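Input: structures, listed below.
Look at the two complexes coming up: chain A is in both, with chain B in one and chain C in the other.
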Partner chain A sequence: MSAAPPVHASGVAADAATRAEAGEQRGRARVTPQQVTAVVPVVLFVVLFVVMIVVQGTFSGSLLQTVLETTVPLILVGFGQTLVVLTGGIDLSVGGIFSLVTALVATKMTHNGDVATWLPLVLLIGLAAGAINGLLIVRTKMQPFIVTLASWSVFSGLALLALSTDGGSVAPGLSSTLSGSWIVPKAAVVTAVVIVVWLVLRRTRFGTNVLAIGSSEPSARLNSVPVARTKILVYALAGLFTALGAVYYSSVLTFSGSPTAGDTFILQSVAAVVIGGASLAGGRGNMIGTILGACSLSMIAQIVFFAGAESYWGQLVQGILILAAVLLFATVELLIRRRNPASAEEA
Partner chain B sequence: MQDDSHQARGQTDAWDLQALEMRKSYGKVNALDGATLRARYGEVHALLGENGAGKSTMCKIVTGSVRPDAGELLLDGRAISNGSVGEAMRHGIGTVFQELSLLPDLSVAENMFIGGGEPRGRTKLVDRRAARRRTDEIFDELGIEGIDPRSAAGSLPLAQQQLVEIAKVIARKPRILILDEATSTLPRQDVLWLFGIVRRLRDEGAAVFLISHRLREAFELADRITVFRNGADAKTGTTDEFTEATLVEAMLGRELGVETERRPAPAAAEVRLEVRELNVKNRVRDVSFELRRGEILGLAGLQGQGQTAVLQALYGWTRHDGEVLLDGQPIDVRTPRRAIRSGVALVPEDRRTQGLALEMSIRDNLTLPTLRRQLGFGNLISPAREERFAEHLAKSLNVKAGSLEDDVASLSGGNQQKVLLGKVLSLEAKVLLFADITRGVDVGTKADIFALMRELTADGTSIVFYSSDSMELIHMCHRVAVMFDHTIACVLEGDEITERNIVQASVSGRIATSEEVKV
Partner chain C sequence: MSAVPAPASERRSRFGQTGWRRRQLVIAFAWILMILLFVVVSLFEPGFRSNTNIRSIVDQSMILGIVGLGQTLVIICRGIDLSVPAMMGVSGVLLARHGTTTGDVVGALVLIVPIAIALGLVNGLSVALLRAPAIVVTLATNTLLLGALLVTTNGATSQTGGEPAKLFRTLSTGHIGPISVSGLVWIGIAIVAVALLAGTRFGRHVYAIGNNPVAARMSGVPVIRTVVSVYVVSSLCAALGGLLLAGYLNQTFPDMGSDYLFTSIAVVLIGGASILGGTGNYLGTIAGALTLSILGGVLAILNLGPAYMRILYGVLIFVTVGLGTLLARRGGRST
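So, the complex of A and B:
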């Protein structure tokens, strides 16, 4: 048997013409929906940033840093939410986990509390809470929406058990460590985290599996992707990221705890993911988009505050923004489909 | 002595893969009822049978995507349990799935290596550039051209997706290769290309299973044939033990009276549908034709020449320019709803995503487009009326189902197709558009569909019939329009309708003149 490939000359050649044609059409319509969804959040971020400078009337280098720092909790919760959304799911329980962790931080990690024990413990609690979500979703095959709606309620109840009203305090040591100056610049830490998360998503088998599940779960299964394991891990990571966000929130931003602090993060995190260009159907989206989406959301609140308007204007604008973003993404995709017959023909 | 051992081998050990007495049922339907399959390395083994006969379920068991209720799977004489596709892969079993298993949002390169085997850099991270390069190499080696490893798999035309799917499996050098309807979306020349690769794999010692509805492919490629019927293996033997007639007989358990003679075109009949200068951006260019009362007009051509687009445009599925006249009157076909009202209905290509609501019951699917007729007291949907209507349709189309309340998804492919047909027929359209509806359908159902088409045309219905199988067009059509470069290149009539002419026109846009043929 010769090693030569069994190319059926006339056949493949005849068809090569039609394929070359398809390639040419692809060449003309080079813009993909993915590229557009990557650009939109950047544009939005820049526009809002400029508006913020105008409204505030001053510009200083620390403005960007302030925005980033106040948005860290939402970014972290958003990371977790992005992972879940990429698999085609949704996690409403981030609100409950967030509240539970803040409550624990404010009651256990006080100035006379054992921070060294409780810090890893609360992170573990976040991880475990998420893993329970994942297990329930995978084992019972219930909808993520229902499972996490229920567990949100459960975790919120536990949060109220730990801390019945807003209050408590956080060990000043922890606060100053997180908010004070670090050995390495914070910007470098943030950049490093972003790069790591990006690498995990785009350059590891885990990341590809996540996208594969969101793209088509039955097909992923046929390709021997470990669907159950990956999903459980995704929800667990969502819990962990949420716990991280909650620790930062209570120790740096509020210095106290609130058993209902997490609730606003549920829809905000989903909004950040959507504005960041992810598809709620799964398979498409990225972490950078989520960061930009989260920052855009918190800048709107800032702008409204500095403009001296009532805070409900912020809510209104946020709502319109979400609608506009989703509409834009849908339109762009439709336009590209129309322009690129290769994807529509015979499909 | 030696003879004895050889004989013993011949009876048992000679089989490298054995699936013994497999049973599997879905609800009340027995998909497999004690079926046995044996195969050897270095042989191509065709599995034939009607849809629902059990061959696909058998393959899924071997592949690990379905767990049998009972039965034994032996590989190299050892029992293996295929709990998952991954486990089967580790045993060297690779499958080209009937429903494409590509992940639409991932790139072609990512798809090639999903589930394992992706190239990694020194850092243990996936090396995407290397993955792209490797994909290009694999495509080169297999003779696939014109597919960019970076493009999203879902953005490729169906035939190209099929090629990627095939390349993905072959690149893993499986010891056992299963081709589950892998050829159904491929044009003929790509089928031949695939067969070349399969022969090479076989000669290198792989066992290949071929599931196809095209008997011709089985005769071309297979060394051995097993026919399935009613969830069991009905007949097995080497290919030369079968003829086309005995094969079909074994599949049906009866003789098939295929009516092959073509009736003359009803030239005298009045023009029913007239299409003038139909254009769809990038997909259809200046298509004009006439369709007479009771006529079947075939649409032929290579994949992607606009056949589907023409049908979709006439059904108001895609935006288009041009004039459409029915019985001399201009009609509005800008949306499917309007097209149906005007008397034009389409049976779409992909019953799973375009034709049926899989999670709904058979009854609900059958009555969905005609709910207006199912209304009773107070304009509420009358269950009794629905029931009668659905039952009548199901019976007249010979749908095999436990109960009309079952999900459509629980039916075999052929029966799903019948539900889809029934649904569209109940619209009582004057012009029916059939978009490759016999693809992946077993011979029995096909015969039923063809009989139905003849019945319909006898009653005056006109049909535009697009099929990727030119033999079907030759059997069924009064005229065949061959599409080339997004337009109708030529229309074949009467004795001109031959496979040779269709193929010739498909690849060149014209047919050879009679002088050229003689030379």
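So, the complex of A and C:
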């Protein structure tokens, strides 16, 4: 602490210098991080898609269905995570909410007759759990990382109370309603709905407010954006979409429950958002990128499976991919900022 | 991540002095909470203060405390290290494969130490040099390292097994008369850690970077070197934690460190450090680690399973961090 006075003085001087430099550079041609981050997930998706078809040998509707069905839970969780990251936060509690809902689905919705009562109830639980996160973040001023870390622990404890080990079963009616295909795979319909919801949401006042908060919370406040209300809604929606993902996961993919199923979705959802080009600092990111990121992550697992390799190869490749993506985006941002400090102020 | 940043001048005058004292209060509170918990439980359950039980609490807390040391340094530096579980798994599994007798331990360390240093370098350079977000970088290296462990051993390590060297069994569970070996080891490490943070230039640099990285660089702090060192130390602490955990459990498996992702951060937060960096010290983390182990013991007495433990851990973080935020709020910072 003794070093504080000189630190403070030079900090202000540096600030002024940066601002002066920014003024000089204004008017130069810019490459925005948005342009780079928009291209990367598309390229990655196409490359992995081609590799998957090559490894599999053929392309069929059922292949597309398999890929989408395994990705839908991550797309739904990723939707919530994208909203949260756009505000500059992070939601680790998706792991706990996902586990809790999966456990409830596998223990309470075992017969077709239970679905009508329990489906709205579990979705409400997801919504409420998320709203609690949001309320705590807004009211106590604790960091989202800490609040959701703690609530992840609490929710996953509740999941263990509902279902102590992997098991349970899911109402067959629910499974058959959600899986399979009409003319197109139902998973594709779900994905399309998510995209439409995003496109609509982005054009609403709520969407604008989310981006405003992520870009600069103080400015958003000054422009009378209802910061508290918007944040609570964002975390509540994250909880709701996580619950939707968990219902889909247990009824279409596993047909049973696991009180720890959600833990992998913490990393996976954050990774999908980051590969999709969102900035963890907030204000930049979009749902299409997240969907492409989620598909890329699950296609890696599919490719490893089709190639006949053990599943841990998928884990290794996913780790490399996530690290490469985050380092690439960081480098791009750094280069742009170095070349043109003005764009850093906007980002 | 941060909320409204206070102007630098305001932050120094308010947070720098009274806020700092409030932070020390939070650390004192962590100790008071821990001691109170122990005393109250001992009143109801006399067996709780028996020498054997105290030793077992210390044995469990030590591993958490050592892994938490690395996490403390990283968090003071405004970072986070989520690659702890993989490093623990790697060091434990490699010990069981290559260091089954005390004589072989050096052979295992020749593999483990370079991996830990490499992991720390990748984490640290990504965060310091490329300004990549620590959360994603360390989550990615965690996945990558666990995947690499399984790939290089053809998945053979995914089963529980292996007989780690007796040396680490002694270090983590042994006792000399009534005194536990783990306690002695921990006290030694704690003295070094506290001295490092409070009394050396490196320690001052760590706090300076946590308070304001830009200002630290302007005033001549070697930011990149310090941040990279901090992540390397964290990986080495996790590696040592993995070795000790292998000895404690007397078996190893790749996922053996998975609980430490949460608990290593929890002990630092309960110990009064701010996730925004710049505050906290190792004494707080020690109290945090002891608190978690005592709570585990209490739940075992009450015959309550892991479900209640998770709920209680979460609530404990809310309460302690909430209190810290309340105390430090007038200092113009949120936690």
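One rule holds in what follows: the second predicted complex is superposed on the first by the 280 of 347 C-alpha atoms of A that agree within 3 Å, B and C clash if a C-alpha of one lies under 4 Å from a C-alpha of the other, contacts with A are read in each partner's own complex, and residues count from 1 in each chain.
Assume a contact is a pair of C-beta atoms (placed from the backbone, for glycine too) under 8 Å apart; a residue touches a chain by one contact, two chains touch by 3 or more.
All values reported here derive from a predicted model rather than from experimental measurement.
Look at A:56: by the touch rule set out above, it reaches neither chain B nor chain C.
Of the two partner chains placed by superposition, A:179 touches none, neither chain B nor chain C. Considering which of chain B and chain C touches more of chain A, the answer is C.
In the superposed model, A:70 makes contact with neither chain B nor chain C. Looking at the shared chain after the overlay, A:315 reaches chain C, while chain B stays out of its contact range. Within the superposed three-chain model, A:283 lies in touch with chain B and out of touch with chain C [touch as defined at top].
In the superposition on chain A, A:107 makes contact with neither chain B nor chain C. In the overlay built on the shared chain, the residue A:211 is in contact with chain B alone; chain C does not reach it. Of the two partner chains, chain B is the only one touched by A:225; chain C is not.
Looking at chain A, you'll find residues 1, 5-8, 10-12, 14, 218, 221 touch chain B in one structure and chain C in the other. For chain C in complex with chain A, the residues that touch the partner chain are 1, 3-4, 8-9, 12, 16, 20, 80, 122, 126, 130-133, 135-137, 139-148, 150-151, 154-155, 158, 204, 207-208, 211-212, 214-216, 218-219, 262, 265-266, 269, 275-276, 305-315, 317-318, 321-322, 325, 329, 334-335.
Remark: chain A residues 1-8, 10-14, 88, 90, 136, 140-147, 149-154, 156-161, 164, 217-218, 221, 267, 270-271, 274, 280-281, 310, 312-320, 322-323, 326-327, 329-331, 333-334 touch chain C in the complex. Of all the residues in chain A, the ones that touch chain B in their complex are 1, 5-8, 10-12, 14-16, 18-20, 22-23, 25-26, 32, 34, 199, 202-205, 208-209, 211-212, 214-216, 218-226, 283-284, 338, 340-347. Those residues of chain B that touch chain A in the shared complex are 65, 84-86, 89, 95, 97, 99-106, 110, 114-116, 118, 125-126, 128, 140-148, 151-152, 154-160, 187-190, 192-193, 196-197, 199-200, 203-204, 281-283, 302-306, 308-309, 318, 349, 507.
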